Each structure stands twice: as structure tokens, then as C-alpha cells.
Amino acid sequence: MEGLLEKIAYCVEFGKINKNAPYPPDMKDQDGADELTKQAIDQGINADEILKKGLVTGMEKVGIKFRENKVFVPQVLMSAKAMSTAMEHLKPFFQSGDVKRKGTFIIGTVAGDLHDIGKNLVAMMIEGNGWEVIDLGTDVKSEKFIETLRSYTGSYIGLSALLTTTMVNMEKIVKDIKSEKPDIKILIGGAPVNEEFREKIGADFYSPDPQGAVEYLNKLIA
Amino acid sequence: MEGLLEKIAYCVEFGKINKNAPYPPDMKDQDGADELTKQAIDQGINADEILKKGLVTGMEKVGIKFRENKVFVPQVLMSAKAMSTAMEHLKPFFQSGDVKRKGTFIIGTVAGDLHDIGKNLVAMMIEGNGWEVIDLGTDVKSEKFIETLRSYTGSYIGLSALLTTTMVNMEKIVKDIKSEKPDIKILIGGAPVNEEFREKIGADFYSPDPQGAVEYLNKLIA
Amino acid sequence: MKYKSLVINSTNKLLFGTAPYPVTTPRGLIIGGGHVYPEINFTIPPMEITEKTIPELIPYYKGIVSDTLERAVHLNSEGIIVEFEPLIEMTRYPEIGVQLVKAMNDVCEDFFQVHGMKSELRLTPNDLREFDKPPKQRTSAYLEPMMELFERGANAGGDLLSIESTGGKEVSDDAIMMCDIKKFIFSQAVLGVRDIKMLWGKIVGIAKKTGKIPGGDTACGFANTAMILADRKYIPKIFAAIARIATIVRTLAAIEEGATGPDKDCGYEGPFLKAITGIPISMEGKTAACAHLSPVGNIAAACADLWSNESVQNIKLLSGMAPVAYLEQLEYDTRIMNQAIKDGEDTWLKLQDLFVKSDSYHDPQAFILAPENVITISAEIVKGENYVDATLRGCKKGLELIENAQKEGLLKRDEMEDTWLESLKTELYNMPADEEKLVEDVLPTIDQNKIILSEYGL
Amino acid sequence: MKYKSLVINSTNKLLFGTAPYPVTTPRGLIIGGGHVYPEINFTIPPMEITEKTIPELIPYYKGIVSDTLERAVHLNSEGIIVEFEPLIEMTRYPEIGVQLVKAMNDVCEDFFQVHGMKSELRLTPNDLREFDKPPKQRTSAYLEPMMELFERGANAGGDLLSIESTGGKEVSDDAIMMCDIKKFIFSQAVLGVRDIKMLWGKIVGIAKKTGKIPGGDTACGFANTAMILADRKYIPKIFAAIARIATIVRTLAAIEEGATGPDKDCGYEGPFLKAITGIPISMEGKTAACAHLSPVGNIAAACADLWSNESVQNIKLLSGMAPVAYLEQLEYDTRIMNQAIKDGEDTWLKLQDLFVKSDSYHDPQAFILAPENVITISAEIVKGENYVDATLRGCKKGLELIENAQKEGLLKRDEMEDTWLESLKTELYNMPADEEKLVEDVLPTIDQNKIILSEYGL
């Protein structure tokens, strides 16, 4: 059993989605995260274990390599794809409540702003860490965030802004959300944003990179 | 009579202090602001007129040339010297209350900061415009300003700071003065200071140059 | 493809400050006529932008331009370009943009009258079409305000017209993140080219009507995105280098439609465009470090006719406001270049050589910008039967040059990237060189929710 | 005066990147040994600085240094100098300064171990003596914390020791504002020299004791003050140029006491010091436009061994933090210089010539920095019988060169300044060349409340 979870973690770490996937070349024709996860479930391994010891562990490993600049984004994306493919098999267990994600994180690029590369990376890293991520895309207004919050109570919010002009909108969105739900934790980021600005607009956390956000969120639920 | 005041203004404008002064070379051996002011008083010309139509007018003219980069600082300094020499003759009229300056302006470079070139220029231009200026020098703490304010009630304050680190002290001084005398108008300046910072610390006016300060002060008493 | 051969085909003719087809501006700058001018660009710190705040915005923008021009006068500058890259709202509500153009142009005219200072406004409206999701490249209602700003802005004093257009971005972003060169080429040589032709047809029309200069476009949103990601070690530099080459044809298409240069600063396809078409170009390098770091700080100057800082916020530095400080830096940079031009061909070439050699062996992205390589790659591109073929040829040639230079130990190698060189090669050599086939190949792999193909005439 | 002749007396030996007496640092930089290194300098935005805030200051400073060194590694830099110019409190309470030096040096050592990146800290304590009013140059209680920071800071990793000393400032400020060259020379050649000898005696002693490098001083507080005022058109440029020459002997006096170079960046007396003594020098030009604008953006590089940005606040630009952006700019600047050095004497001289010619005819302050003029003026200076005589000779020669160049139509003239040239000449030619007589002449004209003469041994 240990062996199987380790294999799943390995497939996620190296982005082996399924048997047919050509990538990575040196794992050609071997089972991928997809097949192995199914096998694990069939063998009656606890779904929560599969998630944590298999998938999340694999993502954590690639995450560390990414932080240390030992792999590139496409490699992390392949890992994320391997993970999400495998997750399909775990869906029923989430629905039944046997397995829970760490929590829900709602993220979007603020109104007026279309830059999303950074936001996508943040979303990916948080998702890979075992969180449910709701990505609202770009150019997102207060209402949309608040509306989504209603469906996902108790979740956390992430805002991204790359234009100095849309920082004003970020401020507005933070105020709007806080006046609706004062206890919600709001994380912010994007190139022009900094700690000083966070303080000014009353958001809860700023990080220049995805790692910081992951660590903060994990600490919140610890 | 008109002629005499005009001559005084001319001497101030061109920095002719007195008969003996070698500067400017082309006015060698002519009467200077010193002699002419004495003559004007002797002729019974109203002291207030001498001040406004003579001295201040001269300084205003050189002030305009300075703003337009048509003369250098040493020339303005010579004008200021000519004016202050002439002022000696007006002293009794100030004491008797026959003549009044526009008001009193207290200026200093804030605690921790020794840069004073900019502050000196501001002081000089305001003085030349008919204000009484109390220059507290450099490295000035709140107490000193407040103490001075007690002796000169109804005056205005100017603070200068050139170091980003002493901007913190500027903030403190503004707070201290305002909590003692909420209605006092405080002007601030110096290279790292800007409008945003002024707003933040609750000072009343920021100007990047002496001219702005002069205009603001004159507007206040208008 | 209109261009079948190079306008400049010898390395020692591909030089900064000179272009076969110089562009003369209304106030008398001759861009590409033997002098490199600074192009100053700035943006504003967070501020409310609505029609109501116009009265506050005008003095603010006027202040920046007049401080900058004052410094230019102080330094005896022979002329500068001031780029106005509006913020979104200023294009969305063209009235704002137009009024700012007018206000800034008044300042320029004033300095021209009083000091003889020659300056010229470049107007670069935003490409708003992305705000539709998915974007409607041809039918978007956003095209209207964009074109309104072009036309009214031109009449108000925007003498050079430019844009950073975004056709193909629906596909290119993902392609970059996945380092999928095939998809990336599709985004540029198919989508990009088609979009640019449509858009620049309109812009050139407006330029003709208003008597202004249709400058050019830039692949900033594509190749610079890749460069920035490579800089953070998110993707391999070698991918970013090849992606750069893959953007050339899309920006070239604007020139085929009538753009005359100077192209927009924030891309590095300029040297290739110059070699192929002879237009003058705007480039940015080390002195744009305020806007983004880069591996091409010096080599970017090798063929520049305008030398830009890309963008700096109007914030206070210890010396004064940032745009003034950057104008000063640009002016000093160009002084050396102009002195070299004055000193004659020998010095001119020697200085270029210093720009080139000092950077080109550190990074493949710099390497492909060496004039020699620019000419080699451009010569391959013009052999292309169509835009896809041209792009593929250029990319293959670029990769070959990089590989050889690495093998010879000239160009710095990064071990982490070795496998990427191989996989890029495999992909490039297994790709159709024909638009139809490429489309067929790629379509099934792209998310059809994100793109409307008919908006590209597909 | 110790130096009776020039160490470098031919123009083509007075070059960037090389000095007759190079200085080798602990981590192996050879300053003046054939390579120009960037010197990055930064300061912090408003922040509380007390012994209590040390725990916040340490990670902040470490962060700046490690971001900067990371970029240097990214750019394959061959080494950089990091200057730590403390804020007042950090010298006033040396514990703060020492801890920051230690923290930053740890980062430098780390990068050396992990990446082989050679960096070195320059420690420049503040001259606090001005806080006494009037200053007590020799008996001030402030000398103690200053010397404590020098010694403990050196032991903590401050490998190069420097200061911007302020002896004579009680007189020089007024002299500048009044453009009184006689008084200004008194402040430099009498007060400045005397103060520097006392101060540098101590600093060189500490350097010997701690095994560190006694870098050098700078007349920033004097000649740069004049330059900034001239830049704002507050005083004539020609006065600022002559004032620059008048500062040479005071900074030279530090070398006579044992300073070995590299001198401190923020003055332009460096080239003269190099010609006279052969030490390597640090200079700043266009890429210090973040700290102050200047008329010497390129020419400042002509003889530089270190190339500095003087100072930039650690604020966010669009690209990232300002010190990182400026390190990148400096690195690219020096890449060209180092490439020229590699290419051999011809190219080396040609690049220098571009730096020189591109600036020198715009402004007298630039003109006197042309290597040819530096040598001519320096040769006059070393003929001086004493510091006053030397200074006077230098100033007269400088004025003569300027006047001739203006007459020949080479050097740009500013009509407003013509009368000032004349009056400067008159003053210079009517001044005693002897310390005692000068003191006698000047004393009655200075405000005795502002200065304690015995603190200068007068």
C-alpha cells in the first residue's frame, strides 16, 4: 500500500498523467496518476490517504523544486494536470464527505485588470496544496466576489492586480467585501502591490509569491 | 517723492547696499538703499510706503527675476542685505506700530537634520516679501517651535527636511504643534517631501519651492 | 508575405541611428536619419480617472511633460519623443485621452516656440478588446472608443500612432506557460497576423486622414511576457528566445499594412523589422530597468533609432521625479551613441560592437539580437512562403545558431535548459509549414470557450 | 604637500578600470586592476531607527543586499561593491550600525560561498560633528561613536572604510551661496585639509589595526552642493566648476595620510586624485540620476574603477525594488566598459573618448573632467608650495582652460555667466597664495559664532 501511494506521489511530482501521456519521456507506457489512483481506490485505500500521501505530497515535492528553481512552470502544470486527472476518481468521496479539502480559496484579478498569469500560478499552487480553488478569472468586481462568498461560506479570498490604476479597485473590493463579511481573510498580490499598500487598504495578507500565500493559508487552518 | 521710492526699490533690486559697497560695479559711489531710505524718512515719507513701495517692491522684482532664472542667488542675497540694512532705519516705526510686517513666519530644519540651504532660501524669500522671519536653524525639536510660538502668537510655521529619516521627525513635530495649537498653519518642504506626505502627516501646505510658500502665505492674510 | 528580400543585408548597415527609410516628424525630428533620440514614457501612481477628474489630470500630465522637457533643454537635447500610453479609462472614455493629448501637446509646442526644443507625442491607445470574454477581435464594441482616441487624439497632437495589439493572446498565454511552441506559433503567425492586418488597416487609414505617422506595433504581450517569465526562471530562456523570433511576422504585418515606423518600444522584434523593411525602430534596454529587468540591456541599443525607458511611475526619487531622472539617463545614453555617429563609421561600428559583445554571450535572448544573427534569421524569414513557413524558418534558424554557439562554448549554457533545446527542436521539425495544416493540428488542443475563431476570419 | 609630481602624466594612461596602485579586497576584487565593478548604494524609506528596531532593520537590510546580489548572479557579474551609508542614528548608536554591517556581510559571504559571487561592503559612517553648534571638529564627543562604528564595523565585515567628512562646512555653505571663491578656498585648503589630516590619521590607524582598506573621502558636501545649486540655476556653473577644483587638495590630504582608494563615490575630484596619486577611484554619473541630476553623466565614467549609483531608496518600481533595477543598470554600464578593456587599448581609448566628448563641451563642470584637462590641472596643483598655493594654481588653470575653450567656441557659453567668469578671475588673481595671509584676509569676514578656529588648530 505504501508503495502505491508513493508511486502516485511520484507520478504527480513528475507530471505523469496517465499511461498514454507521452510526458515524461522516461516513463513511457507506465501507469500514470490516473490509473494508479483508481487502483488505490479499488484496493480500498482510504481516499483521504490517497489525497494527502499521494497527490498532495507529489505536488508539494514539485512545489519545492519550483521554489528552488529546479523545475519550470510547464513541469508544475503537468503535475497539476496529473493531480486533477486523479482527483476525478476521488470526487465521490468528496461528495460523501469522506474526504475534505483544506478549505476553499476564491481568487480573481480585480476589476479593470486583465493580467492573469501571476494569479493563475497562485491558484495552481494553492490548489495543488489541497485546497479547493474557485477562479473567477480577470476583471472581477466586488459583487462577483460577494456572491461567490455566499455559496462558499467560510472561504478565503485572493485578489491580484498588476496595474497601478486597478489598485484603486482592489481597495474598493476589499472594503466592499469587508463591509459585507468583516471576518473574511483577504490575501492580495501582484507586481505593484506591497506590504504598505496592504496595510493601507486593510487586507489581511500580502505575499510577493504563491509560496507565501500557501504558507499563510495553511497557518490559518492549523 | 515717487522718484525716491523708486530709487530705493532699484537699489534693493540690484543689491546696492550703501554708497561704499563695491557691488554692483556700475553703481559705484552712488547712494545705496541705506542712504536713500534715511533720506526718505527725513523727507517725511510714510514709513509704510517706504517699506511697501520701496523695499518690498525691490525684493519682489528680484524675486521674479530669480524665479525666472535671470539672476543667481548671490544677487538675491545682496538684495536681501540691501533691504535689511535699510530696514534698520525703519525699526523705530515698527516699534511704534506705525508700520507692520505682513505677519511672522517661524522656520527651521527638523530634528536630526542639518541641511539648511533650502530652508535659508525659503526664509530669505519670505522675509523679502515683507514678513518677519524667525529662523530657528537646523536640528530643531518640537519644544523649540512651540516655545517660539508662545512668544509670537498668530504666526505661521515652516518645516524643512532633506533626509527621509527625518521626515518621521517632521511628522512628529506637526502632531506636537497641532495638539498644542490646532489652528496654526504649518508649511513643509524639502527634497523628499511631497503632497502625499503632507496629506498623510496633516500639515497644511507643501511647496517644492519658496515661491509657492510666499504665495500661500500672502493668500492666507489676503 | 510582401517582403521577399531584406532591405538591409549587410551587418555593418544595420546600425543604431540610421534607417533606410527615416521618418520626419512635424517638429523636425528625423528618426533614423543619423541621430538617436530618447523616448520617455511614464505612468501615474494610483489615481482616480473619470471624466470628472480631467481637471486634476491635466495639470498633472502637463507637469510631467514640462518637467521632462525642461530637463531636456537643460541638457541641450536635440529632441525627444514623449510617449503617452494611456491608462485603460483614458481609451475607454476617449474624451479623457484626447484632452490629455491636447494638454501635453500644448506643452510640447510651448517648448518648441520658446526654446526650440523639438519634441513629439506618440499616442498608444490601449487594446480594449480583451475585456470581452472571449474577445471579439473584429466585432467588439470596444473598437469604437479605441479608434475614436486614435483619430481625435491624432488631431489633438498625437503625431505618432501606435498600439500594443493583443490578437492571439487567448492562445499565447497558455502556450507560453506550457512552453508549447507550436501553439505559440499558431497564436502569432495565424491569429496575430490576421488580427494585425485588420487593425492596422484601420490605423493606417486614420493616419492618412489626419496626416499623422503610423508608427507600429509590438509583440510586448507575447515575447516580453515570455522574457519576464524566463527572467524569473519560470520558463526556459531558450523558449523565450525562440518565442521572440516567432513574433516577428505579426509585427511585420503592420508594416505591410502601411506602418512606417518608428515601431513601439516594448518589444525586441525591432531589429528584424529594420533589416527586413528598413523602417526606423524604437528600442529599450538597460534604461528601462525601471519597467522590467532584462537580459538585453546593451544589445538592445545596437540598432535603435529611439531609445526608451518603457515606463516609469511618476514617483519621487532622491533627485526629483522619476520621469525626469530617466529622461536624463536616456539622454546620456544617446549622447554616446550620437557622438559615435559623429565620429564616423569606424567608431559607430565599434560602439555597436561593444553593445553587442557585452551582452550576446550571456543569454540566448540577447544572442539572437546580435546584428549578424538578426540578418541571418531575417534572411530565412523572407524566404517563407507564408507567415507560418516564415516563422518556422526563422525559429529553426535561431535555434540552430543558438545550438552552435553553445556547442562552440561561446554562448553560456544552462544545464537545466538542455532538454528543452532538444524538445523545441523536435517540435519545430515536426510542425506543418502551412497555415491550414497548422490550424487543423492545433484547433483540437485549444479551449474553444476562450476564443472565437470567426473573429479572426477562420 | 607630499605629492610633487604626477603618478599618471599621460592622457592615455588615465583610463577607467586601471590604476597604478590597484586595491585587492578580501573576496578577491582587484579594484583598478583592469575591470570596472558596479558599486551599489541604497537607503531606506522613512522608518524608525533605534536599538529596539534592530530586529526589523536586519531582515530589511539583508533583503536588499540579497535581492541585489541575486540579480548580480543572474547577470553573471564579476563582482560588486555594496556601500553601506548608515543613517545618522546608526552611527550615533554604533551598535545598530555594527549589527547591520554584520548582517549584510553574512549575506555577501553566503553568496560568495554558494555562487562564487564576489562582493564587498564599503562602510561609510556619518560625520556627526556638525550636530554640535558650532561644530567641535577635534574635541567633539561625537567622534567617539564615529570611531567606534569604524572599528567595530570593520571587524564585523566592513572591508572598505570611507567617510564624507565635513570639515570647513561652517564656512563653505555661505561661500557657495555668495559665490565667494576666496572664502571657499579658505574652507577647503585651510580648514578642510587640516580637518582631514586629523580625521584620516585616526581612520587609517583603525584600518591598520583591523586589517581593512582605508578607502577615501569625498568633497560631496562642498562641490556637489555647488553642483546641485548650479543645476537649479541658483549659482553660476562656472563657479561650481572652479569650486570643484578647489576641493581637490582636501580629499588628497586623506591619501597623504594613508588612504589607498577606492575613494568615496559622490565627488568628482577622483580623476585628479588618480592622476596625482595613482589610487583607484569610485565615480558616479548618469546612473546616479536617482540621487541627483548632473552635467557629467558620461564623462564621470572616463576614469572610473568603481561605477556607482550614489543612492536610491528601496522603493518599488514597476520592475521590482529600485536597488535591484539600479544594480542592473550599473552592471550593463560596466559591461560595456569591461568589454572595451578586453578589446584592447584602441577600443578602450575610443570608448573613453566617447564618454568625454559627449559631455565635455556642454558644461564647464564636465569640461574640467576631460582627462587632458585633469592632467593639466593636476600638474599645476602639484607645483603648489602649500595647499593654498596648489589650490589657487589649480583653480587659475581651470579657469584659463574654460575661458579658452569658450573663446574658441568649443565649450558652450552661458551669457548670464560671463560677468561671473570675469569676477572669479579678478578674485583668484588677487588672493594670497599663502595660508597665513589667506587666514588673515578671510577671518574678519566670517561669522565667528559659527566656527571654533582652535578646532582646526588655528
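Note that the chains are named A, B, C and D in the order they appear, and that numbering of residues resets to 1 at the start of each chain.
Note that a contact is a pair of C-beta atoms (placed from the backbone, for glycine too) under 8 Å apart; a residue touches a chain by one contact, two chains touch by 3 or more.
All values derive from a computational prediction rather than experimental measurement.
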{"item": "Shortest contact path, chain A to chain D, counted in steps", "value": "1"}
{"item": "Taking each chain's C-alpha mean as its centre, the one farthest from chain C", "value": "B"}
{"item": "Centroid spacing, where centroids are CA-atom means, of chain A and chain B in whole angstrom", "value": "63"}
{"item": "Rounded Å distance, chain B centre to chain D centre (Cα mean)", "value": "34"}
{"item": "For chain B paired with chain C, centre-to-centre distance based on mean C-alpha positions, whole Å", "value": "52"}
{"item": "Gap in Å, rounded to a whole number, between the CA centres of chain D and chain C", "value": "39"}
{"item": "Where chain A touches two or more other chains at once, by residue number", "value": "none"}
{"item": "For chain C, residues contacting two or more additional chains", "value": "43, 313, 318, 320"}
{"item": "Touch-based graph of the chains, sorted into line, ring, star, complete or other", "value": "other"}
{"item": "Chains that touch, pairwise", "value": "A-C, A-D, B-C, B-D, C-D"}
{"item": "Chain C - residues contacting chain A, complex", "value": "43-49, 87-89, 130-131, 133, 173, 177-179, 225, 229, 233-236, 313, 416, 420"}
{"item": "Contacting residues of chain B [partner chain D, same complex]", "value": "69-70, 72-74, 77, 112, 114, 116-117, 120-121, 137-139, 163-165, 167-168"}
{"item": "Footprint of chain B on chain C - complex, ascending", "value": "316, 318, 320"}
{"item": "Residues of chain C touching chain D in the complex", "value": "43, 71, 74-76, 231, 285-287, 289-293, 295, 297-298, 311-313, 315, 317-320, 322, 324-326, 328-329, 331-333, 335-336, 338-340, 343, 347, 350-351, 353-355, 357-359, 362, 412"}
{"item": "Chain B to chain C touching residues, read off their complex", "value": "191-192, 194"}
